[in-house]
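The structure is given below, and queries will be raised subsequently.
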């Protein structure tokens, strides 16, 4: 595709779908632009930013110089009303207030933020310190993990794109939970993320000199992805789960590594067939065999999730490991995968790239 | 495209061109695989490695798991004879000995190594400490910098793909040299490279703990890219040049930054039109305006070169800066750009991706 | 102190203790030199390396240029016999064969390698794929974790310096184990290390381009530190423990972060007093209060271990986190701490430095 | 030394000098604390920060937990009046207004900022966009590069601590300039700095995700260190110099690398004796021989400057390279070196540490 200028699109003859991005100044915004540039059936016709209204997008993202003539508009700009799909790449609270208007106009909405991920509005309000004002919209939204929810996504008007940690953890545990293979009371998810997960805002805590050459835990006492992970794991298991979730920050830009410790009900079970059943037809989930463990670099810039596991000898303990690129399968790539499903495209469209190595 | 298995290609009905890679165990090899995966008119049918013969490619490059069923063959394997084009991603000396046999069979050859870059065989022998044995082949080869040499590349059977530093420096200086704007006796190229330029071999000097969190110069007394740079600058200038070239190693994986200091003949000249003339029709060369300076991240994973410059006040000194990704425009991407030209494809085919940011 | 030349030491009048280093070409070797340079009562009089015999130490470690005139000797060089203490910074198997001769001459030995860490020789042989030939020496050796074993270290002739992971894990769990506060059957230690832990040998797997900008697990099925950790935790607990230990590699040079998941016997217990009791008099162990979690950068270049913990709400799960610099408290610093104890010096001598931040 | 608490110092019996730090919340502030911790004759008795007044210093710098009980005071706090020396680690403009009051009380002042580095107040005002209000103080101040100015520093009440780039460049060129060996009209200083030089403020431009894995130039059109470098080089040369200075940002925390291109007057001159003459008695300047080039890691955390050079064959061009740690010899270490001179201590006191490698 070509990323066209705001005003030059010939809407009459153009048969590609038109996409808009609300709040495109962060890393998920520029990642949507990068990935949609490769999408043969979609063109980005508008991208909004209150603070950068009127500025050229390539003045903020130098990778786009010569590749995009887009300028930032206000989120109220009517060019967004001509879209077929709108992506919200905004902090929580924004999509909650604005998604409804688009949906009423028949525009599909994919929220990369957190506003529609937690089905219990009170629970959401507790974690996000803000009242959820759109209960009806919330109940109509669909949680957008394609590998778990493809049919519902297909007909959705509003998709809640999963968080990055929740994506890595759910894909790692789905075969175990759905087949009742593990003790639900003791799931430990020790997760590690690159710094891009913390966003692009000016913040002393994510300066290179503060997080470079260091490793730390954060949010140990409570991270906003916790209720989302718990909700979805319980949905897979059909029962309550006891979850311990500790996120850590890795001195690198992209990538999530989840190391998950579970107790097998039957120490002797062979779990391979369950993973194969679950993912043999899933293009974006790769099971590593042969004693290989995943590395985040293997999926850098790609929409793949790689998974492997290790049974601990003389023990019921199983360690499952999964990796994703937090900005792709953990955000913008998964959003496009959802878009492909919603519009009846091949799910791989625009996403069939190999990871950048090294 | 699909990267097909060695033996499943249906050569009768398949109209894509068939590519082979000799020596595909390094970073330029896997980068060719990544980029050709996106090429709609090419399929990689063979990749060789003496040391890894018989091993699956994805066992060496985990980014390819699930995306490639290729296995390494011997360089003598006959499957390479069915190729339309062969890329040499080998240390110097290998292509020199083997390229001729492919060319005799009508197979086009693109050498990512150094064997055919220096037109003076004695000069080559001096720098590479090895006798050049293929004078005839050397004289028939074409230096593959498309922005300078497109017509000759189109008809070439053997293309010498430029080195990474030479690419960054030549693109930065071409408009100045061809228009006789600078003093040729005093060109200083202070260049900085990511560590992937040093290759994938086990080497204490490029361990993360040796080069991480550090910056150093190397090859100050003489680097093998020096004669290549000098030869091509002199060709552009039509005259001898006095060149000082100092490469440095940056603690990052990809990217080259060239800071080039030249003396303008006429301190008052406006050089912008010369750069615009040179590059306005070049898709992969981007001139930054508005006081912007390039950053290597802007072109990471892409085939673009970004250039800008700064005139030093009250002085004839001009600083020209250029950036490329050493593995793309500095190696594998440029090789595919050359292939596109040689086969009459759109030059952008398989290469029209935006850089990975962040 | 001054690091003196091999031959200029005036042994008659010099009252400092004389130290030798066997196998000083790796990161623990140069770290011993750096730290002993600050030690007012010790001078390094000899450092050996078979491969670098005769070469100046500062030609290998450029941080020492102008600061050391030492040259590498053979390990058999008699200058080592004049030492008061010898540090083995060698791969496993070396100290096992050579330590005895030094001890017979009345020279104290501190082995930074693994040869004397596992008291069960058969268990050692199983993990290190080599027969343990020095059962008697092994039984006379003392495990050198000062915070747990100070009295025995004081009188030891042969100290087995702990591994880096074992140090971080033991210090984090000691108060919990000794006070019987946790369920011993389910201890999960998810550990992360900087790359210097993998040593200085030429190795493709630890090139900057292989481990930079990536995160991975390794040794999941079995790591050589596992039996050491298990042995010492069981010693602290006075009973068998069920341990799951997964090490990971972080794209940074120095630092270990241990995230340890345990189940409290009594969900309501306040563990603070137990940690305070254990460490209030330990100079090198710092308990973080106030909801702070450790970061590896806080102890970079220093001999400190920082510890904190988080009780998981509505659960018996406790997460204990500890950080050390793997080359200091995890290796060379702890070795000097042991030396100080063995020679009756103040335990902080030469080690009382604040971590390098940023 | 011990870093004592604000109120526990026994001023009567204590014979150590008392140091205060104004504006201690940045990287030079914590580096002063780290280095002075090792200084046997100095104790830090006060550290100020308007924004953090009342907070514990170790709550901001976790490397200090357990090692310092200091709390931040207001800069007006009278505890600062009891100091023997005050370090300003403040943005430009602060020391200009406040240094005079300390000097009047007989307290020596070392300004790590820029306020007293440029002797021409109008020139200063031009570059710092602020009127210089303290002409008299300015004229009494001494530029604190010990290797060039030791005698004047000894008697100074107010020392202007040099900038980081200026330190690296001056030490590299001093022997060449003072001995009239080079053409003064064409000096090119291509410099590279770690990110800590940009400070600790929340700033999008220095986030790990913005500067990690990238290399860029900045300030090409004019950097505030330019007039300082030019002034001092001209002072050394006794004549005007034509200087081109381009700083770059390296994706690492600490270190400055200066690559300086000059033209020898006499191509055949041997410059070694001139460097040896200049630095054979300078503890903190190390000349690398044997074809070695400096690396920033060699001086990480230390006060050393390492220098080497390469004559370009068949040319009058000489490349001089120097490295320092920007936070030590380029800031806080040099400040302490100046303090040692001002108080008659051994110049190495508190600074005699070997660089951290790896």
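Note that the chains are named A, B, C and D in the order they appear, and that numbering of residues resets to 1 at the start of each chain.
In this section, contacts are C-beta pairs under 8 Å (C-beta built on N, C-alpha and C of every residue); 3 or more make two chains touch, one makes a residue touch a chain.
Being a predicted model, the structure only gives us computed values, none of them experimental.
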Task: Comparison of A-B and A-D by number of C-beta pairs in contact, larger one - done: A-B
TODO: Work out the mean Cα position per chain and let me know which chain is farthest from subunit D.
DONE: A
- [ ] Just give me the whole-number Å value for how far the CA centre of subunit A lies from that of subunit B.
- [x] 35
Task: subunit A and subunit D: spacing of chain centres that average the CA atoms, whole Å - done: 45
Task: Residue list for subunit C, restricted to those that touch at least two other chains - done: 27, 196, 200, 209-210, 212-213, 251-254, 294-295, 297, 300, 358
Task: Of subunit B, residues touching subunit C in the complex - done: 27, 195-196, 200-204, 206-213, 251-253
- [ ] Would you pull the subunit B residues touching subunit A in the complex into a rising list?
- [x] 27, 30, 33-34, 37-38, 59, 61-67, 196, 200, 213, 253-254, 286, 288, 290, 292, 294-295, 297-302, 304, 306, 352-358
Task: Interface residues, subunit D side, partner subunit B - complex - done: 186, 188, 190, 192, 194, 209-210, 212-218, 220-222, 242, 244, 246, 248, 250-255, 257, 259, 261, 291, 293-297, 300, 310, 312-313, 315, 317, 319, 321, 358
